[in-house]
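Following this line, the structures themselves.
In what follows, chain A forms one complex with chain B and a second complex with chain C.
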Partner chain A sequence: MRVRLPVALLCVAVAAVAAGPALGQAQKGADSDKAMKSVPAKPAAAKATAGSVNAPSAAPHPNGKKGGVLLAMHREDLAQGFSIHETATIATVWPGMPCFNNLVMFDPFKQVESLDSVVPELAERWSWQDNYRNLVLFLRKGVKWHDGTPFTAKDVKYTFDMVRQAPDAQTRLRINPRKDWYANVESIEAADPHTVIFHLKRPQPSLLMMLASGYSPVYPAHVPVNDFRGKCVGTGPYKLKEWKKGEYIEFARNPDYWVPGRPYLDGIRYLIIKERGTRFAALQAGRLDISFPGEATKPIADQLKSSGAKLNFTLIGTNVNDNLIMNIKKPPFDNVKVRRAISLAVDRRAYAKAVHQGGAVAGASMQPKPYGFWGLLEKDLGRLPGYGKPEDNKAQARKILAEAGYGPGKPLQVEMGTRAIALYVDFASFVINELKQVGVEATLKQVETAQWHPLVTRREYQMGANLTGLGIDDPDGNFYENYACGSPRNYTDYCDEQVMKMIETQSQELDLKKRRPLVAQIQNKLEEDAARPIMGWRTDYFPMAPHVKNLVPHHNIYNYGRMQEVWLDK
Partner chain B sequence: MRGYITKRLLIAVVTLFGMSIVIFVLMRLAPGNITDIIFESAGYVDQEDKKRLEVELGIDRPLPVQYGAWMRELLSGDLGKSYHYELPAADIIKPRLPVTLELAFLALAFSILLGVPFGVISAIRQDKPLDYVLRVVSLAGLSMPSFWLGMIVILLLVRSFGWIPSVQYVSPFDDLRANLAQFFFPALAVGYRSSALIMRITRSAMLEVLREDYIRTAWAKGQREGPVVWRHALKNASLPVITLIGIEFAFLIGGLIVTETVFNLPGVARYLIDAIQWRDYPIVQNLVMLIAVIVVLANLTVDLLYAWLDPRIKYGRP
Partner chain C sequence: MADRAVVDTGLEMVRPAPPVTGGAWTIVVRFARKKPLGAIGGVLLLVTLVAAIFAEPLATHDPIATDAFHTLARPGADHWLGSDHLGRDIYSRIVHGSRVSLIVGVVSTLLGSVLGGMIGLLSAYFGGKTDLITQRFLDILQGLPLLVLALVMSAALGPAVHNVIIAISIPIIPRAARVIRASVLSIREMQYIEAARALGVRHLRTAFRHILPNTMGPFIVLATAQLGSAILVEATLSFLGLGVPEPYPSWGRMLSVSASEYAQKAPWLVLFPGIAISLAVFASNLLGDALRDTLDPRLRGA
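Presenting the complex of A and B:
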């Protein structure tokens, strides 16, 4: 396999030259090895996608003005400094992204993320070899880390060996939440200073999606990984100027940035404001230019709109879902019928209206359209438990519970745990009320938020109201993390051999037309098994001042924070 | 007097020692530790990695050992290292102290400047319309939590003027005007509640004093209202007021926690809450000890003020 690579590389190079300069033309076909190409950071005009309420920045504004400092909202101080690889929270990714680059990224101007919207970043082009068993990435030359050290293939190998916890990795992360993303990587080879090859155990086109996530920056091999908890050395468009703990994080333009003419901004200041009311009052009063991803719920957006604040709103999906977790290892939820009855009892559309005041949409385990790429169609959703006619579903739930031995004389009694935060409690209370209508007596147990994951990890819960954010809108990124046997974030311990086979099959499928129905089948199966019944997918109205240009919020909170193209028209 | 102060300081040492045990034990009784919080941000818990981290931070050691280590550090002037920021605790606390102290003193100034005159006016206009108005104002102050009042102030400002005070801290040394504009509303929000209490105590103390014989004598001698009320009556009515101000100063810290959060002021009070949520033991323990020291010193100062205000009070004599 490796012997053939030089020949393949030559072919790729020829193909790349012939292919032209369009950006974002990666991954157009899946039936043969493909050469990919790019022109650095010259975004193609993007179409405004569905879901925009008022999206003046949906198409890129050319010829941005230089200068100005963007004042960005931030909801809490950094949990792990800038060590994105050690966290699974937007609170780190959002202010960390401007410091770093990825190998590839999602087109900043396209709201819907898919393999089609993956564009080059530190890898100026890439090529799949050996029927998607090897991903060859050709790295940009002349890129430097913020401390002046040249960026090479060694940095890439170092980073991803560390994340996948390779036996010969140079270092180890203190916490490693995304190790499983790279479970299919057999080895990483720095073929030369500007070529790196990911050797896979089996074909996996989704690897590119994972590499494009805001969660996948490249770290410098020469900086100890622990240092990122206090400082940031990246190749990104902005250099860390100051992190005033608990107050703000400030970046200044990287004058040596590898994209000529970028970034436009002199800097970015993320103001840490813990109180939500104050955050939005500051945005309304013009003390901030942009919101924080996922924060502007429908009630907040409605209030801002009614106040007459000069803000533009963009309705986007967040790729964050509310879900019910049931401890499958313990009765009564070891019985799939009982789980199914629970799922049937909760009216998903009423949930979106009552708990989110319409600021959420119904969908199965992948983000629904138009926000997501893989979500089930409305007509298919209607056939799943909890999505059809509420009265019919509830009647069916009562029947199933009766078959399982529960009824008016012997009601099913369960404890519903959740974080002691208003929105979670609202979520849990709604479900409890729905369950009451089918004769299930659920009691609410509020858990201090910091204790939530320790509790579910120890499986010391019966049933819980949970929230899951997905780093990428991709079946591999979701299914392996949340539904695969043995995954640390599979809190329910759902484990089905047939589903695992289906997940493996779709993961290797190169033809998108064939992969879509496979993914749909998995979603149907997961909902029918009530593996982790999805209650709804949250939306965000991402408000920003009209003078902010070229910031296009994506239908995924984790992947649009680079700020390379953003400029201020004032 | 010197003997009295020495005795009080010795008692303070014992109090602080007791306080150190209470806060140390309470923090350990709270469920979870910093490693839980760190893993919380990663969405999973790996027991092996968690254990490794606990060893690294030294929180796997027996509690007496941990307490001994903290006391040794504290007595040598070392506040330890923040678990969250991985920086010396002193570096985290030091820049936040002036923010809280400024807010506390401004709030106290507001509460005295509003509470004492209103209390006096209310007393000398007893059962008149002005008295009723001021009593309603004070009752409202006691009924409204400062965080709620703070949020209402912010919402009213943004709604009415499209303006709120800066959400980024401005040092008085950089821009005094901007600093005062930033602190005015939070100080008012916190000070208003305290002023209401001070007003009520001042009023009742004044009413009592105004009925004393020597005041009646002063009136009979034809003295003007000003000297009678402000010089004779208020000075004698001020002992309970001073006591209350001392107690309120300690309570102010509690009020500041939420007010600093609402007005986004980076003070120690707000940070204390963050540190508790993070189970950042070195920060919480040392901050609580600092607050305890402030409370002890405030009480001592009040007691010493008694002697200055009332010559009949003498310390250190049998």
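Presenting the complex of A and C:
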């Protein structure tokens, strides 16, 4: 964003687009002029912005060795198979990514993700036109699906029409968690076999971020979407060899991969080990090469380090936050004062220290720095409920509750639901104790994982200890999904007209310097309203064996699983 | 006292319990001398009972109070048995956890044993089709292992103390029913029962007044033996997240996932709750064995 050309540039066609080599092996195309002719003609005064295409940064270990099978950790079987578009869990994305490609992706070698780190993948370059109202993507030629069928613009249109549930979409997804990401897409046009245009209702530079997420692979139009629950046909660097349910998922190198010389590995084997202690014992014993994103908490990392196991650790953000959800549609949480008192009562820094043993950082609704791009600064956080002096905050909470009619004689009694998983239960237990100190009597209701999301989606809860993983570190990817009026994943049903306007405004803002303060204002407002008080942002220590090269964990668990550049130095 | 009348006639009968003489204290001392291991079990259970009743004054901290600045504290002056990953005092949680373990253990055992005993008594006394149908139903219940049945029940009913009690008591029913039934089958053939019937005593009166008291020996042995199992099942259910909900302490929950995660760094997290569970189960088994030896005429003096 920071290096985008000025919005006011007047041009009729995209010019001098930096043809970015795709992950080391770019195919520099010369069809941009031809492609541009398919774009509806614009008045001479129309604004078009040439998107400068980023090239991937240099690999940390460039001279890769071929061969070997990467042994990767996996925590559970694949509930939705390889159908990434139908899932909202890293458990599907992580082993699904090597099979697929996106149009664009996040630079595999950069930990922090932003618009600046978006690099080409199936789209060898792109161009924003008409003041960010049309995104033109120039597709790579000669790419084939794993079954030999050529990849074309039809596949792109098919995929994203399906995800955004366009009226003329060829098929529908059984579960569609990210429909809201594409709410601003008016239509998708396959201008020619190698050019796709996303027509937007209004400018939205963040669309590229969404397309770059591990949650946004391109599906083949000729394979029924239901088939992905059992098999995988992609254009990615690895072909599915075998999925033995409950045991392992095995991929083999795609010999016809469109990037010459890639992937380095002969294959990947994801071993499913359900018990966390056993998983990390396997890693410690050298039976696994790499961890699973988001799993290596600080206590686990400390334990592995003290065991003397030969592992490298990378401290990363996960873009997953712990948050309190309160059902705003029902008393007492329809009263913003009560919500604010609850938020004030919980000491965020003590939370990170106790529940995560320091393996989490305080932050508002966007991932804090240095892991995230949009997070509030430390000095700004101090002014928000729950971040200042705990004694002062708790005193204020008691005062607010007294004003709302609750006190020693009439304590506020609430039921807190959470998933019956240790970390969730620890989170809830901590909060219950914090609430007790301001006179709120909370009881815990543990819910099985399979029931948790349906329960909160139906709003059949009063208060909950919840986790939210964000597919991208971007305000649009977060706010529309979790805070927008009417969004199914806005579990609290928080709906504020002013906030909606602010979200719309920041989404259209092309100047990063103007957009950042807008995003900060929204974060402040959300915390002030206790829309979904954020308790903290989890970190991960992602351990891996020293012989694993070119796997750079990102500050987001969802976006670094392609494994195209990974090699084993054995 | 129709049975007394029959006994007085000199007809042969088996008395299930030895004649008891002396006061309660004398009986306890005599039992302790004769069965020292059983007495140790009794004392341990008594300690657990005292801890459960007087948990508040005995605890040094609020068992659910977290303390971010004293997480995983080693055993010491502030935290006698250390603190857990949320800074909660292990000793106070064990003391309060004894309440849950004992309440769940005793109530579920009593509930299961009493219900099972009633079913066994009526089934054996009436015999015939009643016995046949009841026994087949109990066969089905007994076919399911105690833990599996408790797991299913607890998962279906949800984690709460009363649900855990129900979940644990149901698998005890068929066991209790079988034991009591076997006892009643032999007692109902006794001549004093025949005499009672001949005198026109009604069935229910015969069953509850003349037969039931004579099954007390096996009943007490059964209940004591089941108490250990019930405590263990409660710990297992809590360990699996199906027991008493957090943040209220229970021994099984204290051994659960988080504790195992920190076990290497802070072994006291699993050590002390583990010892508490083991001692409680051990104690009830020792007491149960001693009571069985004392109350079962076939084993008396063995």
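We take it that the second predicted complex is superposed on the first by the 512 of 570 C-alpha atoms of A that agree within 3 Å, B and C clash if a C-alpha of one lies under 4 Å from a C-alpha of the other, contacts with A are read in each partner's own complex, and residues count from 1 in each chain.
Operating definition for what follows: contacts are C-beta pairs under 8 Å (C-beta built on N, C-alpha and C of every residue); 3 or more make two chains touch, one makes a residue touch a chain.
Every value quoted in this text rests on a predicted model; they were computed, and no experiment measured them.
Participant: Quick check on the superposition: with chain A as the shared anchor, is it clash or fit for chain B versus chain C?
Facilitator: With chain A aligned, chain B clears chain C, so fit.
Participant: According to the stated criteria, A:Glu528 is in contact with first (chain B), second (chain C), both, or neither; which is it?
Facilitator: neither
Participant: Chain B or chain C: which reaches more residues on chain A?
Facilitator: Ranking chain B and chain C by residues of chain A touched puts B first.
Participant: Per the contact definition in the header, classify A:Ala428: touching chain B only (first), chain C only (second), both, or neither.
Facilitator: In the superposition, A:Ala428 touches chain C alone.
Participant: In the combined three-chain arrangement, what's the angle at chain A toward chain B and chain C (CA centres, steps of 10°)?
Facilitator: In the superposed model, the angle at chain A is 30 degrees.
Participant: If you stack the two complexes on chain A, which partner ends up touching A:Gly277: first (chain B), second (chain C), both, or neither?
Facilitator: After superposing on A, A:Gly277 lies in contact with both chain B and chain C.
Participant: Go through the superposed model and pick first if A:Ala420 touches only chain B, second if only chain C, both, or neither.
Facilitator: Second partner only, chain C.
Participant: Once you lay one complex on the other using chain A, what is the shortest C-alpha distance from chain B to chain C, in Å?
Facilitator: Taking the overlay as described at the top, chain B lies 5 Å from chain C at its nearest C-alpha.
Participant: Residues on chain A in contact with chain B in one complex and with chain C in the other?
Facilitator: After superposing on chain A, chain A residues 277, 448 contact both chain B and chain C.
Participant: So in the complex, which bits of chain B are touching chain A?
Facilitator: Residues 31-32, 36-46, 49, 53, 85-87, 92, 96, 151, 154-155, 157-159, 162-164, 166-169, 261-264, 266, 270-271, 274, 277, 279 of chain B touch chain A in their complex.
Participant: For chain A, which residues count as touching chain B in their complex?
Facilitator: On the chain A side, the touching residues are 77, 79-80, 86-89, 91-92, 174-177, 229-230, 244-248, 269, 271-275, 277-278, 281-282, 284-288, 307, 309, 448-454, 457-458, 488-489.
Participant: Contact residues on chain C for chain A in the complex?
Facilitator: 64-69, 71-72, 85-87, 155, 159, 241, 245-247, 256-258, 260-262, 264-265
Participant: Provide the residue numbers of chain A that touch chain C in the complex, in ascending order.
Facilitator: 276-277, 297, 299-300, 302-303, 306, 347, 349-351, 353-355, 357, 420-423, 425-426, 428-430, 432-434, 436, 443-446, 448
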